[in-house]
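Each of the next two complexes has chain A plus one other chain: chain B in the first, chain C in the second.
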Partner chain A sequence: MLKFVSRRLAYTFAVLVLVSIVVFIIFNFLPIDPARLTCGKSCFPALIEANRHRLGLDVPWWEQWWRFIHGLFAGRSYAEGSAAIVCGAPSFGYSFNQHSCVTTLIGQAFPVTFSLAVGSFILWMILGISLGVLAARFKGRMPDRIATVFVLVGTSLPTFISGLLILLFVVLKFNLINPIEMGQWMSPFTNPWGYFKEFIFPCITLALAYAATYTRFTRSNVIETSSEDFIRTAKAKGLSSGVILRKHTLRAALSPILTIAGLDFAGLLGGAIITEQIFNLPGLGRLSIKAVLTDYDLPVILSTTLLAAAFVVIANLVVDIAYAFIDPRVRVA
Partner chain B sequence: MSEKNMANVRRRLIATAAAAALVAGGLLVGGASGAGAAPTSGGTLYMITHAGQFAHADPQRNYTGQDIAFFNTYLYRNLVVYKPSAGPSGSGLVADLATNTGVPSNSAKTWKFTLRPGVTWEDGTAITCADVKYGVSRTFATDVITDGPAYALSMLAIPQDAKGNSMYAGPYKKTGQALFDKAVTCSKDNRTITFNLSHSVADFNYATSYPAFGPVKASKDTGDKYDLHPLSSGPYKIARYTINGEMDLVRNAKWTKASDSVRTPYPDNVTVRFGLDSNVIDQIMLSDSIPNTVNLDGLQPVNNRAFFADDKYASRRMNVYDPYVRYYGLNSSAGHLDCLAVRKAVFFAWPIQSLIDLAGGTVFYGDVGDSPIKPVLGLDYAKTTGNTHDANFKTAGNPAYAKSLLAQAKTDCPATYAKVTGDAGISIDLPNTSTQQKASVLLKAGLDAAGFNTKFNFIPSGQYYPTVQDITKQGDVTRAGWGADWANASTVIPPLFLKDGGFDLSGNWGDAVYPDFKAKVDAASAETNRPKQAADWKALAQFAMDQYWITPPIFGKAQLDWGSKVGGVAFWDPQGTFLFPALYVK
Partner chain C sequence: MKPFLEVKNLNVSFPTEDGNVNASQDISFDVALGETLAIVGESGSGKSVSNLAIMGLHNPARTIISGQAILNLETGPVDVITAPAETVRRLRGKAMAMIFQDPMSSLHPYYSIGDQISEAWRLYNEGNKKDGLKKATEMLDLVGIPDAARRVNEYPHQFSGGMRQRVMIAMALVNNPQLLIADEPTTALDVTVQSQILQLLRDMQKEFNMAVILITHDLGVVAEVADRVNVMYAGKIVEQAKVDEIYYRSLQPYTMGLLQSIPRVDQIDGHRLKTIPGQPPSLIGLPAGCSFRARCEFASHVAGDLCATVAPALEEKASKHLTRCHLTSAQLADLNTSDVRGGNN
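Entry: the complex of A and B
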């Protein structure tokens, strides 16, 4: 197992290095000049060059990349004299648009995205699996039909619609949250009620879309597993249907769902851009979309991309390991 | 100034008697809130916006009209500021930190300002000439202090190297410090600052209304990070500022009314909420759910129409002329529209009314203009002749007349004619937005009817201006907008039509008439007799229109809205936004 994990960790590291190189290449070969773009309104050639130097774009892309990698381990400094700025290791660079070290920005944004991801994950797993099992258990009957409608609605409504509907016709209409206060980070330890109010509706928005998919997966997996030989054997041995469902059917049926759930969760950790945007949540999604669309902020773009990639790769690793524990057949293989 | 970030950016503009005439003529729809009622102190005034942050809070980097108006009202004190009153009088300068609005000498190459006593920073220390001098010096640190106005760089008597870099590198590196110390001096009592300019600037005091000429305390300067927490000299100070979050302003205990003849701070707190979804903003304003709120963005088009159509919102809205002229630059450089007859044909084929209707109609978007200088600039504006006043001009476009002009072009300049009517066609630069996609359909119909082969370059909106400002990437026709920095067309004609002006989208420097035009612009810029200078600008506007360097311009309008508990609302003409100093919570 140790060898397996070590190999996967090395693979993870290689993927992240590759992602960082690709982002640098894409950024450098786009047909626009970030130094000119962020130079301001009264810009002339000398100012553009000064801005290029300020942004660290006056050296070849591979040198920019190396400075970035070096900064991760040794920290980085910017500007000179009394205006000098130091971002200690691990430094993801400095955002000149937000006037902060990127590590600090990520540190501020991550708890928001993490809260959103965990909250919605719990909601969609409970809702999706419960409805899926019910639909399978009562196949062709009323619970199955209700689940089918839920799946149709959930998969048809993109989050930018469901989020807006929830926000405008539930949250704002019934004054559940003061819109002026939306998006202010509230710690679950000092203000649990405020934290709950802040996150429950974004979590529901995300969970609705995911739960619909998981209901469908769970239903079909449970139905498929129920027709397996080992389930027939369990029935022949006289086990109750509840025990069969809990101990045999679900264990086998949920294994593939766990794989997808891990990846979905990891994807969300990289930032739920639309939901964060609608509910004004200052998470990684908002951070990255602002960097891409408004600021053209390479250090932020690079860092959030790397972070999102890291979450997905690590989630893959964790899921692979967890898989072996959940499904005995995998262990045997 | 270009109309980059139009939602946030309100360029400076001086309204004059002409503006008063427009107002009196009923062109303002809606009115001020709380007019006549006595302002009350206290409460929290909210401001909401979709933007994630102020473009800049650092005074030397602050270059957008709305932000300047906000910070000059609440946080900064400047040498001079615009008078905080509605209407034309709001365009006049009043002394703020200084005891007067500046004393010129040496043919306006030297300007002196004397600071009033008793003005302090939020830490209680006195604001001195050295603080103002240090603040101005920061503009020269171009590798740290970016985005701000470059007037100090171009006006102060500090030499530049061959590449156009100032020989002074700012207060952080201190290279060339002696040159700056010679250009900007302080008296022995540290109260009088003298600016020595490289050339006569008759309206230099208007430039000093920019916070870029305001004070910064050297010991509190944190370079790039000063943008997050500038030291206050005004009636409020920053309690909290988080990007994508909010800015909370609380009263500055060290500020005294006795030291400030300009400001009367009414609310106890001012809170700006950033990053709200546009739908949420609209919902707040439509439902008046937070009545002590000012909307810094304006409503989305559909809601805007509904808001202005319903009488129940009449006391919470205002429709005014904004500082901008919208136009399309006609690129007259070689290989593009380097033929007067072709440019004229484009001008007369242009379906301007359709474009106005698409963007909201004459009620909300603007009127057909006749000059790059907007009437609200008053002294420098005069009705031009020809162009939109020509008998052949039709707001729907006149393809028949345009065809006759193209026929003339076939003889006068066959190569250009062949290009615009052939496979290469005439290319129009547009930001890649849904509105401009629709505009392209109207433009194609209008120009193709005249015989052009119309094509489009859709450029991602965030990259639009950096792309089209590169002449090698610019097409034949380029959408743009501009507003004056202050009450002088010196901030319109040179930037728009001189090669080094910074925003010349007409590519006119290869034109045979350009040397003559440039000589006249240079003479006008140096003219210290203001009425004579105004006459020069009027003539130069006519010159530009006669050369058809731009399409028919549009004199733009803007709509503002606010909650029912906000009093004292009026439009601040020179800043192109709310008259922040008058706002109070009812």
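Entry: the complex of A and C
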């Protein structure tokens, strides 16, 4: 087990290094010059070059990469003298567009995205799995049909439609949130009700889309498992149908769902761009889309990309380890 | 004393879009405690279907079952076909148990062997998990799994096929059932393992004094363990007799055909192995007359082509020897002594 985990950890680490290198290479080859963007109409070559040096863009990409990695562990400082800027470890660099250390920006955005991801995860798992189990149990009857309609609607409605519908016809129509307050981070500790109001609707929006997929997946897995020989054995033992469903069918049917659930959750931690945009939530998705589309802000792009990749590979690792506890056949000697 | 299980006129059919599949029709037999009844027949002849009905393991929404299957329990007779589902459930695992063909897939892959046996035991006995595991260890020991105390904590994938079938037997027997239905218990196993499992079943039957129904298509297995035999064809019992009667004095052209199609080591070289020509009929909308007529080489011996119009009834044509055939007992006995048995015995 220890060997398995350490091997997977090494693999995770390698993937992250690779992702960071790829991001640097792509950035380096893009036909846009971030140094040129630092000054407006009054630009002259000497100023651009000076800014290039300040941004650290005057060295080859591998050296930029190395500075970034070094900064992650040792912190990083920009410019000299009275203009010096220091971003302590772990430093993801300094955003010259937002005049802030990227670590600080991420620190502000992450709680928003995290709340959104956790909230919608809980909602979609409960909704998707229970609806899927009901549909499987009453296959071909009313609950199954309701679930089918739900799956159809949920999978065909993109979040930018369902989110807008919820925003317009629920949130704003019934004045559930003061539009001025939207987009401000509310701490769950000091203002739990405000926090709940701010996040429940975006969470529902995201959860609807995911729950539809999970309903379908749960339904088909439960139906498939129900026809397994070991379920017949459980019946032949004299177990009641409730026990068979809970202990035998669900145990086998839901284990594969864990895999995709872990990855979906990790994917959301990287930022839910559309939902954050619709509900004006200052999360990682908003941070990264702004960096890409308007600011061309390398340190931010790099950090959000790396972070999203890190979530996915770490989730992969966690799922694999968890799987070993769930399925004895995976337990490696 | 009444036999433990009495099955009377049991019919099982599955409604489909093309019509009802009459998987087993008019099945009547009984099994006493300590007795082994073998049910033989080809795939689709209704062997498993009728026994799954006795166990109450069919999906009631997709099956039509009629007739009776009476368990003569100490507390009185119970007809498991008409009894409420909950009553039948409380008999499963306790009064009647079943083991299945494929031990590889019949155990839950996520639970340890001990958990699975102990779950069955704790359903009908007071005791905590520890008692259950202790009981499971005893049972594993009983069915001949070496080092039971250690293996009880292992998972199904750590066992071989034969060992898994032993586990299935241990699990089925943990509550001392009076009836054990073994549905092709050796079909998925190696030949050497097969005979071990059969021996185990025989030992367990002695130990627990059970009525055993052994479903198989292997006539070798039947000869080895059965007291009495039901031969099934196209959903019906076509011959019912003691095992020796079946093997040496069969009164049923189908059974004779089956026996002749067994390869023999003492057969002379170049001798062509006999087969039964044709295929079993579809169980949807069986034609009138005998289901075996199209494949029967003796149909022409019956006057007036009765086989095509009238389905033969299951009649006693020798002492305690029932068969479903229009040929007279004299004709059948004659076939038996002539060359149809390949000149042997």
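Worth a mention:
Here, the second predicted complex is superposed on the first by the 325 of 333 C-alpha atoms of A that agree within 3 Å, B and C clash if a C-alpha of one lies under 4 Å from a C-alpha of the other, contacts with A are read in each partner's own complex, and residues count from 1 in each chain.
Here is the rule we go by: a contact is a pair of C-beta atoms (placed from the backbone, for glycine too) under 8 Å apart; a residue touches a chain by one contact, two chains touch by 3 or more.
If you're wondering where the values come from, they're calculated on a predicted model, not measured in any experiment.
Under the clash rule set out above, the superposition-derived model of chain A with chain B and chain C shows the two partners fitting side by side. Looking at the shared chain after the overlay, A:N28 reaches neither chain B nor chain C. Of the two partner chains, chain C is the only one touched by A:S240; chain B is not.
When the two complexes are overlaid on their common chain A, residue A:H248 makes contact with chain C while staying clear of chain B. In the overlay built on the shared chain, the residue A:F44 is in contact with chain B alone; chain C does not reach it. By the document's definition of touching, of the two partners only chain B reaches A:I278; chain C does not.
Chain A is touched at more residues by one of its partners, and among chain B and chain C that partner is B.
Rounded to the nearest 10, the angle at the Cα centre of chain A between chain B and chain C in the chain-A superposition is 150°.
With chain A fitted onto itself, chain B and chain C come no nearer than 49 Å, counting C-alpha atoms only. Residue ranges on chain C touching chain A, taken from their complex, read 55, 57, 89-94, 97-98, 100, 102, 105-112, 119-120, 123-124, 155, 157, 168, 171-172. On the chain A side of its complex with chain B, the touching residues are 32-33, 36-47, 49-51, 53-54, 78-85, 96, 98-100, 164, 167-168, 172, 175, 178-180, 182-185, 277-280, 282, 286-287, 290, 293-294, 296. Here chain A touches chain C in the complex through residues 228-230, 232-240, 247-248, 251-252, 255, 326-329, going by the rule given at the top. Taken together, the chain B residues at the contact with chain A in this complex read 1-2, 4, 46, 48, 52-53, 63, 141-144, 146-150, 160, 163-165, 171-174, 221-225, 227-228, 242-246, 271, 273, 275-277, 279-280, 283-284, 287, 289-290, 293, 462-463, 466-467, 469-470, 500, 502.
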